[in-house]
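Structure record follows, encoded as structure tokens.
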Amino acid sequence: MKRPGFVEAAEVERGVNVPQSYRLVRRDARAERTVVRLRSGATFGGDEIAICAGPCGVESREQLEQAARGVAESGANVLRGGAYKPRTSPYSFQGLGEEALKMLRSAGDQYGLGVVTEVLDPRDVEKVTQYADMLQIGTRNMQNFALLREVGEARMPVLLKRGLSATVQEWLLAAEYILLGGNDNVVLCERGVRSFDVATRNLLDIAVVPLLEEMTHLPVIVDPSHAMGIARLVPPIAIASLAAGAHGLLIEVHPDPPNALSDGAQSLDCAQFEQLMRRLAPVAEFVGRRLPKRQATAGTNRNARPSMQ
Amino acid sequence: MKRPGFVEAAEVERGVNVPQSYRLVRRDARAERTVVRLRSGATFGGDEIAICAGPCGVESREQLEQAARGVAESGANVLRGGAYKPRTSPYSFQGLGEEALKMLRSAGDQYGLGVVTEVLDPRDVEKVTQYADMLQIGTRNMQNFALLREVGEARMPVLLKRGLSATVQEWLLAAEYILLGGNDNVVLCERGVRSFDVATRNLLDIAVVPLLEEMTHLPVIVDPSHAMGIARLVPPIAIASLAAGAHGLLIEVHPDPPNALSDGAQSLDCAQFEQLMRRLAPVAEFVGRRLPKRQATAGTNRNARPSMQ
Amino acid sequence: MKRPGFVEAAEVERGVNVPQSYRLVRRDARAERTVVRLRSGATFGGDEIAICAGPCGVESREQLEQAARGVAESGANVLRGGAYKPRTSPYSFQGLGEEALKMLRSAGDQYGLGVVTEVLDPRDVEKVTQYADMLQIGTRNMQNFALLREVGEARMPVLLKRGLSATVQEWLLAAEYILLGGNDNVVLCERGVRSFDVATRNLLDIAVVPLLEEMTHLPVIVDPSHAMGIARLVPPIAIASLAAGAHGLLIEVHPDPPNALSDGAQSLDCAQFEQLMRRLAPVAEFVGRRLPKRQATAGTNRNARPSMQ
Amino acid sequence: MKRPGFVEAAEVERGVNVPQSYRLVRRDARAERTVVRLRSGATFGGDEIAICAGPCGVESREQLEQAARGVAESGANVLRGGAYKPRTSPYSFQGLGEEALKMLRSAGDQYGLGVVTEVLDPRDVEKVTQYADMLQIGTRNMQNFALLREVGEARMPVLLKRGLSATVQEWLLAAEYILLGGNDNVVLCERGVRSFDVATRNLLDIAVVPLLEEMTHLPVIVDPSHAMGIARLVPPIAIASLAAGAHGLLIEVHPDPPNALSDGAQSLDCAQFEQLMRRLAPVAEFVGRRLPKRQATAGTNRNARPSMQ
């Protein structure tokens, strides 16, 4: 891929005239809100809520298949899973690389799920694009401008997670880099910011859901798993996020959380995820949206879900 | 009032053995969750959601009456309003003092609302108790131990707001001071913590709602007005808070926000509040609770509200 | 004491027109910088650095005497020690109250030291004034406006610690409350702010030393003990603070830190304090100031200190 | 360059067993402290303080030469300057790229200065290595693991800036990635962390200077320019940093700050830098170190500096 040239434009310092820099992402830059559509058919920003679920890291074919089947049966429409894992310590599990990408593609195809996975290195963008339906830019890379430029040139939707202490302004300008590269299909993902309190892993900034609805035409989803760090807190916060207007959720689900190689403490198991999905249906309706249709293969009867009224 | 003696007990340093210090507030210290009941009949922690609404500061009899009528007609059951205002600048409006307390009592009685108002000075506790139904400890005073001890001796429910950068641990231990003084009727109020981002006034930590449900038997409510600082964001965050399990809301409502002497930017007007209340009813039902019954004097037909289904 | 009436003035919201609210504390409100002088002769803001040292809490007559003798011999000119201790947990050591005030007065007189001690409750201001030479407003009470008004009416210097997450603006406006009450003798004390990193107890904001030098005529000192929470880090940070221009230091010194009832981990013992003072002398000279003269009773030979050149 | 394989090792979660992950960076992993030496002869971590100075971005040959001459004459030994600029907004000046690298090399050679410059993209590491003497990993890339691995394979010293909200633990583990790649020559650079207070651009965490001295054998320097964001505050904080034990400084110097394309507000001009260097000499001596020898070409008489005693 060609690397974009350097923009030679007027200086915009932090906090000074930045709103004028939201040229492409600002709400009034488009007549309509952006609806991001994956090849699999899943959409972000429309009437259908996007439910992205799956394990933190792809650990084995078996683990991934169990997770994919579980989340598909419960009504998720996008499979998440890390092939390249950004880890604080170099001695932590780093992911299975391209092998994991192949497993993700295969599991996605089998269960009718779109595939979202993180790309860490601009040199991997082309390869990941061959397997995934959506490229995730992780928290630590929100201002990795080389990577933003590379995914800006890709012809594939991007999930842009908020940086650990990124202001809303910085986050929108990171998205601006991607749109400026020619890629309009960006979804913003709130996943909690760094806090002084260790009670939860991060501090979920739920206010950005309605705030970004005003500021940008791009869809916004919430990742309650990384925000909480504690599985028990994920369901109520997932519910609250949809109620606040989020266009989707990103939820860690593992077939066997106690033995997960990463993020076990914050992962739901498949039964907990099924239970959560039943709770979410009426919340989606309350905000005038709907959950994804369950896959036929799932064999569960959607009508069996108890009405929330 | 007699001032309590100094507890001479084992040293408990920050972060060390603190959980053992949650003797009275911890969840398992009681068989049942605490339901705090005001003299007016309003409850916090039971099946009925508590809706506290009213102006930031009491500015005049006319302003308060308009606000009280408006919030009562829309279904609030507690009137909030500041008589003593803690203000960053000594040149800001400081509140009308005892005059405001009288107006609050009168408006509360007229519209069948409980009255919650902040007390700033331990010397004022006795006086405020004569007029109010609930004593508010504000954010800046969460660790004002002289004040905590004084309200611990009062025979009146206390609304304890979270400090600006207080950990959940520090907050619970502040409540412990009050319970240790003999006053079990404490309601915790999340109102956002200090953040690096100026996009909203504070950063609402919605996770504390389910977290405190586990940690303590005390009820928890949310103040979306101070958290957001922007009126437009208050309704979606109020909805999200109830959906997450909050036992109540504290909302700033002013009959004429553009001319408010304080917090105008974050105050709803009466029509906006009415609209919000209509949205909240199905959310309360979703979590297995209900909004307060509207007062007969309000003259509005509760059944007129559109179903949320 | 009479309590001041409520100022009825133009509204000044947070972040709006606040600089205009710095009427009395701003640098250009005075021709000269303020020099705060205790009855004992110690000064803050002049050519002589103020060295306030002593235990976190007064635990016994013996402990206090040992600490007072130690710090006096090493060249401190103000004795610190808590009689009323603000503690996160109600089960922690709360201080010895008036008994401790008497011990502080006695030890101060014996060793020629000024006495600074914290006051927590507006009702205690008059009593503490009888024993102390300087009233400390602690971190948790920086915006305890009832207390600020009360010490504003006292005729005694005030040490105003920065709040846990207070902006410089909020801190200066807290000082404005005291000056507006008629008390011009305010010293600001930086003691670290709340941080996301637990590596140190708080995050020392050393930049406020030169920043406040520009913004206000009031003196600024630094408390490295509470900022660090680790005794080993106190000396280098004390040195850096004086080098940055601080007018004084507040340092916790305990004759037997491992057995202290509070803050043992961050307290220097007397020998460590002596060593630190020897290091500080040349730093004071570098910024054109000098350490306090050692008391004759100290019996140590100031000339014995190794030159720093 | 070959890309390193994925380390397959025991899981180390955040906050769990992390100290064991400091295998290579921890203080006791080496008998001696690391002294990092550039090809130009400048050292970090030894008796000589490293003074890195120059403009934020290389804007033109003339601007860079003026800056290089100025800082060399005043006694700096390393030239800093950005060729690839990470900018919050894509519409800000992005740097001159390879053209700037050539200018940096040329100016470095002419004035006997080492050259440190930031690399943003793993694909640029090889190219930057051809021109620079030291590779800077910027704040936004502290956890850009692809980049850390790439510089870990480079045979050139690395300046690793602390992330915007990185804990000390995360920072050391980022360094561990580089050492694990085979590159031992890492210098840590504190540049302030994100804060709730906008009074300064960032909040300098000066405590890390003595803290890291204990925790790691790697040298630590301070960047007061990015921490302060205000040129007037840079000199006192530079002084304080050396007094606290920093092994060097990174200071923005621009020949014409009001017309700088970036960071003008925080840049010293050459005269201000000269003045600062005169103040720093006695501070270096106080901590038992010395400033770099001034270059003969500089034509200034070092002895002309006023003694600080």
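As written, the chains take the letters A, B, C and D, and residue 1 is the first residue of each chain.
Keep this in mind: a residue touches a chain if its C-beta (ideal position, glycine included) is under 8 Å from a C-beta of that chain, and two chains touch if they have at least 3 such contacts.
Note that the structure is a prediction, hence the values are computed from the model and not measured.
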Shared touching partners of chain A and chain B are C, D
In terms of CA centroid distance, which chain is the most far removed from chain A?
C
How would the chain A/chain D interface be labelled, same or different, where same requires over half of its residue numbers to be shared?
same
Check B-C, A-C or C-D against A-B and flag the pair whose interface repeats it, over half of the contact pairs matching by residue number.
C-D
Distance between the CA centroids of chain C and chain D (whole Å) is 35
Interchain centroid distance [CA atoms averaged], chain B/chain D, Å:
49
Enumerate the residues of chain D that touch no fewer than two other chains.
165, 169, 194-196, 198
Does the chain-touch network form a line, ring, star, complete graph or other?
complete
Inside the complex, what are the residues of chain C that reach chain D?
165, 167-169, 193, 195-200, 203-211, 214, 227-228, 232-233, 236-237, 239-245, 282-283, 285-286, 308-309
In the complex, go through chain B and note every residue touching chain D.
194-196, 198
Chain D residues touching chain A in their complex are 3, 6-14, 18, 21, 23, 86-97, 120-124, 140-141, 143-146, 163-165, 169-170, 173, 176-177, 180, 194, 201, 261-262
